Amino acid sequence: MKQIFAKPQSMTDKVSHYCPGCTHGIAHRLVGETIDELGIADRTIGVASVGCSVLAYEYFDVDFQQASHGRAPAVATGIKRVHPESIVFTYQGDGDLASIGTAEAIHAAMRGENITIIFINNAIYGMTGGQMAPTTLLGQQTTTTPEGRRFEEMGAPIRMAEMLATLDGAAYVARFSLHDIPNITKAKRAIKKSFQYQLEGKGFTIVELLSTCPTNWGMSPNESLEWVQTDMMKVYPLGEFKTPEEGEKK
Amino acid sequence: MTYEILIAGFGGQGVMSMGMLLTYAGMLEGKYVSWIPSYGPEQRGGTANCAVVISDEEIGSPVVTEPTIAVIMNLPSLDKFEPTVSSGGKIFVNSSLIAKDVSRSDLLITKVPANDIAGELGADRIANMVMLGAVLAETRVVSEESIIESLKAVLPPHRHNLIPLNRDALERGKALVLAKE
Amino acid sequence: MDKRVVFDENRCKGCELCVPVCPVDIIFIADRINKLGYHPATVTEQDKCISCMMCAKICPDLVIEVFKPEKKVAG
Amino acid sequence: MANETVLMKGNEVIGEAAVRAGCRYFFGYPITPQNELPAYMAKRLPEVQGVFVQAESETAAINMVYGASGAGARVMTSSSSPGISLKQEGISYLAGAELPAVIVNMMRGGPGLGTIQPSQSDYFQATKGGGHGDYNMVVLAPASVQELADLTMDAFDIADKYRNPVMVLGDGVLGQMMEPVAFKERQSAEFVKDWATTGKQGRSKPNLINSLYLDPEKSAEHNEELHAKYMTMAKNEVRYEVKNLEDAEVVLVAYGMMARITSSVMNKAREKGMKVGLIRPISVWPFPDEAFEMALPQAKAFLTVEMSKGQMVEDVRLAVNGRAPVYFYGRTGGVIPSPQEVMEQLEAVYAKVQGGEA
Amino acid sequence: MKQIFAKPQSMTDKVSHYCPGCTHGIAHRLVGETIDELGIADRTIGVASVGCSVLAYEYFDVDFQQASHGRAPAVATGIKRVHPESIVFTYQGDGDLASIGTAEAIHAAMRGENITIIFINNAIYGMTGGQMAPTTLLGQQTTTTPEGRRFEEMGAPIRMAEMLATLDGAAYVARFSLHDIPNITKAKRAIKKSFQYQLEGKGFTIVELLSTCPTNWGMSPNESLEWVQTDMMKVYPLGEFKTPEEGEKK
Amino acid sequence: MANETVLMKGNEVIGEAAVRAGCRYFFGYPITPQNELPAYMAKRLPEVQGVFVQAESETAAINMVYGASGAGARVMTSSSSPGISLKQEGISYLAGAELPAVIVNMMRGGPGLGTIQPSQSDYFQATKGGGHGDYNMVVLAPASVQELADLTMDAFDIADKYRNPVMVLGDGVLGQMMEPVAFKERQSAEFVKDWATTGKQGRSKPNLINSLYLDPEKSAEHNEELHAKYMTMAKNEVRYEVKNLEDAEVVLVAYGMMARITSSVMNKAREKGMKVGLIRPISVWPFPDEAFEMALPQAKAFLTVEMSKGQMVEDVRLAVNGRAPVYFYGRTGGVIPSPQEVMEQLEAVYAKVQGGEA
Amino acid sequence: MDKRVVFDENRCKGCELCVPVCPVDIIFIADRINKLGYHPATVTEQDKCISCMMCAKICPDLVIEVFKPEKKVAG
Amino acid sequence: MTYEILIAGFGGQGVMSMGMLLTYAGMLEGKYVSWIPSYGPEQRGGTANCAVVISDEEIGSPVVTEPTIAVIMNLPSLDKFEPTVSSGGKIFVNSSLIAKDVSRSDLLITKVPANDIAGELGADRIANMVMLGAVLAETRVVSEESIIESLKAVLPPHRHNLIPLNRDALERGKALVLAKE
């Protein structure tokens, strides 16, 4: 028998603290596979953010910094400027990146920092128990929108990928999803591309990933995958919004 | 009389609500009460515990460091809290999930196969109420009636249909202790 | 016969994501409770497994390893 | 719920007390261990035609508070340690522009991301000025869920009375614990906010909310006025509880949750016949120096206990000013000193005092 | 003789502290004219930001709040939620809005806050003596880009109007210029529109205005107007990027 | 420029000193009165293959510092009061994650937007912990342009030695004034940063920069280790200057720019035959308690002078601990107390002492 | 004849923006220094002014007021 | 000997560079020196001043509150600083822009039509150097040679062609004072 699927080597053996069925775990694995395939574990430096993925450093066998809430792109900037030859990636949630860390994400992109951001959009604050995120859908109930998010009071979901694609400094901007195998495969391809572009010095790359939060959505893990497809994808179209080859797509 | 109660288990085992019901019931009975939760980093799963104080006197410290009653729902909690129980205290162990024995000899030990009994009642989630029944029977910290009253107050009206099931679970836990006596 | 899918049961959180993706429908949730307190997913009918890796690819918790019989070169 | 006793979580009690004190605007950002408060406000404020806004960050939240307060509203924000650090510039602005607001800090262990467990290690930040410039704010430190209710209500009145931010300084345990609470009926004075920006509405002079004074002389003058106000606050807003000072040879000093535990220890010590008293600062700014004057004729030593490496103890030393030794015991990082530990410390100090060592 | 041009009534008599020829003064006047024409002086509340326009409150005869650096949209949010019937506008520079205040601007837009932002893009930090702004052009010399802004280190100019136009919460997003009379006239029209939309409760409106900083650009005032035309407008196209009627334009 | 005397602005001197101390990374955001420093670095760093980045905000800047320091670099940021408030969370993170960095605060008058004129009203923020949690950092307060150079260099060594942020606390005047300066040749110890995130580079265990300790016991342990380190810093890094303490009946206490003025006053007082001395804390954390022990046998009173409403005076009181009266004089908001004003205050205190009143 | 353009000289900062926009080229910078320390812009040939408001519209400092002769209704 | 010099005027009048040149020259002459600027909120225009101390002894306070020499370039500065000048001190007034007389009688007053003379030299911007020439002649705080040396050090090489013009301006200011004597 030949092993055809195994835990990536760049990942540790620790059982994650993520809830059952949370797709954070899938995103982790895709990053791990990418690091393995590109053979860059020895020169990769990860930046963990504050959110459910705060302990990401426990799961990757590469150097890591734990950043303050929202500031991972600034921390990554500091690292990359000191070690331009290293591969630096941040792993951030939507509260972290699209709310408190909006400025840091946008300005890292504006500067064309040669880093990669893995952006987990689960339309909610997972770690703090299910508050509204800027990415929360209209009508979606959270602990801070108990009647569902209403446009009149809290506006409409922010689309980070589309926004970042307007910046000349951004080289690669894509959004994919983790809700089924074909999409996971595409997500993996995008993550690998983003790291590859970084290796080539192309500049700022970001992959937004639609992800689940069964716990705070109040759904089973399988219902959650379904909801990504039926509801989230309507608001968050998938695809590449900007590539170094072609520039912004519309 | 002051009861210092610690309840611990996996997140999702109803550890917190056991504590809340005791607290509420204590208040209904005119006692001084306090409830303090403690969570791990996990949103779901992981360990969780809560500390309840029910007393005839004003409560100084609501923090429980040496419980007089410990309710242990899973193995990691047994390992963590067994050493802290006050000598002469009572320890309740969910024997459905904990094969290991309590090693201390200065405690009154009650084993409750809470998940098994809950399974028999057709609702895994009710294991905590089975356990609670046993605790009430053994300690008499509050009455079963007060717990039922508390349930009514805590559950939203459209969930009141669950009360009979909860009462059954309490009874089963109680019966276990009484049988032992 | 060697196993085609190996579930590292004590990592499993019983999320059931792997269950519906299996094209041959052999993954089920066991009655037992594992070290983490969950009912783990498992496969007993190893011979039916086609090593498609679907379960492994959707599993968020690195529970599953997949194997494929080596091609026996004729001769 | 008027005056009836209910069982509630500390964080939710703050919210209900605020609403009953007339607070209609809440701007916040999620952080453990205070999330129950914004969640409560999100549900509760719309019922009273109020507005809850989840801000994009703590920084934005405190500046929304600035805007709303400047517009004349009773307004509140809450957070926990790292989030409160992010509000420091905003707090300094509120003080500089003389805007009333209530800021809640349910402290967790630091420094950095630290832990979500309870702590009292933001005492310095709260009382000495975590933000830049000379400013002060009344800082109230409740020790029970009932006091969370009472002091939150007071906080709004104090804020409006002095046109100054007021902080409610709790900790993670206090915020998440449940205890019975009765919301007291109370009348708060009417505050005329003719300085608020409401649109001129026929006024001949526009109103301005501002903390910029480019001319150093004007800036100095403004600071003198502010200082005079702080001195008035320092005189009027002192709150504390004392126990058994009459004959206490050793006086325990603790605030908030720590005072509860310390008080238990004191009772046990008394049972053993030890002459032990307690000072519990309720306002940690202004610090209750006068309580120490009450204790000092008899007291041979003080033992300060905190969930920190020693912050309030400096204020204790300043109050005692060399007239008796001041000892300290503290735990950090989310560990709450147990009654047993505190008793050990107390016994050691007591022994020194008895031995004439202190 | 009939007076056909006079100081707007909603403005005070104070001589501004702006440098000779700085077009901040023109923007002020256009706002003043708008307040006059809409007859809203009695219910307008301005929010001054930190930048050369920090003293804006000295020049308008309406209620004002002075906000901390970058946070004017948050302050305006606080005000508007308390007085929804009032007209609230912020006046912010590009350092203030496009750098430190990026998150506050974007999230006010995302929420669809019914406020108006007057955004003065002069491609530099004026008040602090001429540092690079996120809007500084490539090659432009500033005290912090002494050799000119280089893409490799500091990326490319941020286009706030284009970025904000991607948000569903934004109702009106436009960019105009103050460098000659026809453009001043168009700018005025846009400012008036933005206030009018606010009056109609349409939501978030912003007018970006290309403006000069003769002092820190090291040019005469007239050369500065010229440079807006020849250099800035290449990077910052003028026009309406989103209107309540038609949505985002491209 | 080795060792030759040149005339430079204080802010530029900090930059040159940093470069000579091996600092190659600077992350900052403009604010008066320190803008000459980033401008200097923008020009100077590329000459030595260093990197200057103008961050999008002070918050971003301090977090870039975190990243660069965690990556093993000597790194610096600077700002002035409101900007330093925005860095408080980041400073707490640096302390929590044990990262060396030099942070410059050229103080201006607050609170709020305040004024761009000089001030010393961020003393509490700098020394007591403006950020959350228990942490300390060495805070150096230069009083001349020469000392700006020397202490900036020291700051980098101290930071690396303890893996802790160090603050250089100046004021607007010091930053913008010109005085002759000579950059001293110096050797700084080599610091092996085997904890830095460089990519594993063959290491078997990955390096981690972190301040999160979810388990309270671990968090407490981490805090105890940090505290032990702070106590070592407190012992080793005390710096101060004393003048005329031998026979001084009244001792002036002042730091930074204010100490220059106070020193002039002391000289004039001596000319008048008054027995006056001076303590100038150079490290304001750790506070030089021992200088007060030197003064106390003779001293009948202390007069602390600050450009604030009274902040360092608390540390003076703690050091004196009731053994002599401590008086205070301060101006705020950008006004620098003049020698004449200080002399008046001194004469009043002196009269009290002579009259046996003190 | 009444003035068509009135320059509030002590507000003027001598920036010269008004000079090139005047279609009839009558605005010039005076030799004198005003209260603010600047050489103010001024117009002496009031009769040539066509009240086009160009100068007023470009002036950043509210220096200029413009007047137009009332139309005399015949009769 | 300690000179405490205050120089004040509009931004753009070269007030700061006058101070810097004096400071640099003082340093060249081996004196202790310090220079402190003070600006208004305006980037251009508005008022500005600087304080220079040149001394044989180590400088205590570099802040000048009672100048022994005051150089006044515009009217607002005269109003602001005339009262602060140390009794017996010297005050220099730019009479091109200041019509008002100095009212104090305890000061040595020198009026310098700096802008007019600069105009004669064909360069308005050089008014500060005319004034400086007068100050040097009257106070001898530093020598003219040191000022010229300082100019060489402060100006970038491609501006050294301006030195003769500056020297002329200094001379004109000096001549004015000497003529008076």
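Labels for the chains are A, B, C, D, E, F, G and H, by order of writing; each one numbers its residues from 1.
Simple rule for what comes next: a contact is a pair of C-beta atoms (placed from the backbone, for glycine too) under 8 Å apart; a residue touches a chain by one contact, two chains touch by 3 or more.
The shown structure was predicted, so the numbers you read here are calculated from the model rather than taken from an experiment.
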item: Touch-network distance, chain B to chain D, counted in steps; value: 1
item: Pair of chains joined by more contacts [C-beta pairs], A-F or A-D; value: A-F
item: Most distant chain from chain D, judged by the mean position of its C-alpha atoms; value: G
item: Mean-CA-position distance for chain G and chain C (Å); value: 86
item: Approximate Å spacing (C-alpha centroids) for the pair chain D, chain H; value: 54
item: Distance from chain E to chain D - Cα centre to Cα centre, in angstrom; value: 40
item: Residues of chain G touching at least two other chains; value: 13, 36, 38
item: Contacts with two or more other chains, residues of chain D listed in rising order; value: 51, 53, 56-57, 59, 82, 89, 93, 97, 112-113, 116-117, 210-212, 214
item: Contacts with 2+ other chains: residues of chain A; value: 18-20, 54-55, 66, 68, 99-100, 102-103, 106-107, 111, 127, 129, 134, 153-154
item: Chain A contact footprint on chain F (complex, rising order); value: 25, 27, 51, 53, 55-57, 59-61, 63-73, 75, 89-90, 93, 97, 197-202, 206-212
item: In the complex with chain A, residue positions of chain D that touch it; value: 29-32, 35, 38-39, 42-43, 46, 51-54, 56-58, 82, 112-113
item: In the complex, chain E residues that touch chain D; value: 41-45, 47, 54-55, 57, 60-68, 71, 74-83, 86-87, 103-104, 106-107, 111
item: In the complex, chain C residues that touch chain B; value: 13, 33, 36-38
item: Residues on chain A engaged by chain D in the complex (per definition of touch); value: 50, 54, 66, 68-70, 95, 99-100, 102, 125, 127-129, 131-132, 134, 143-147, 153-154
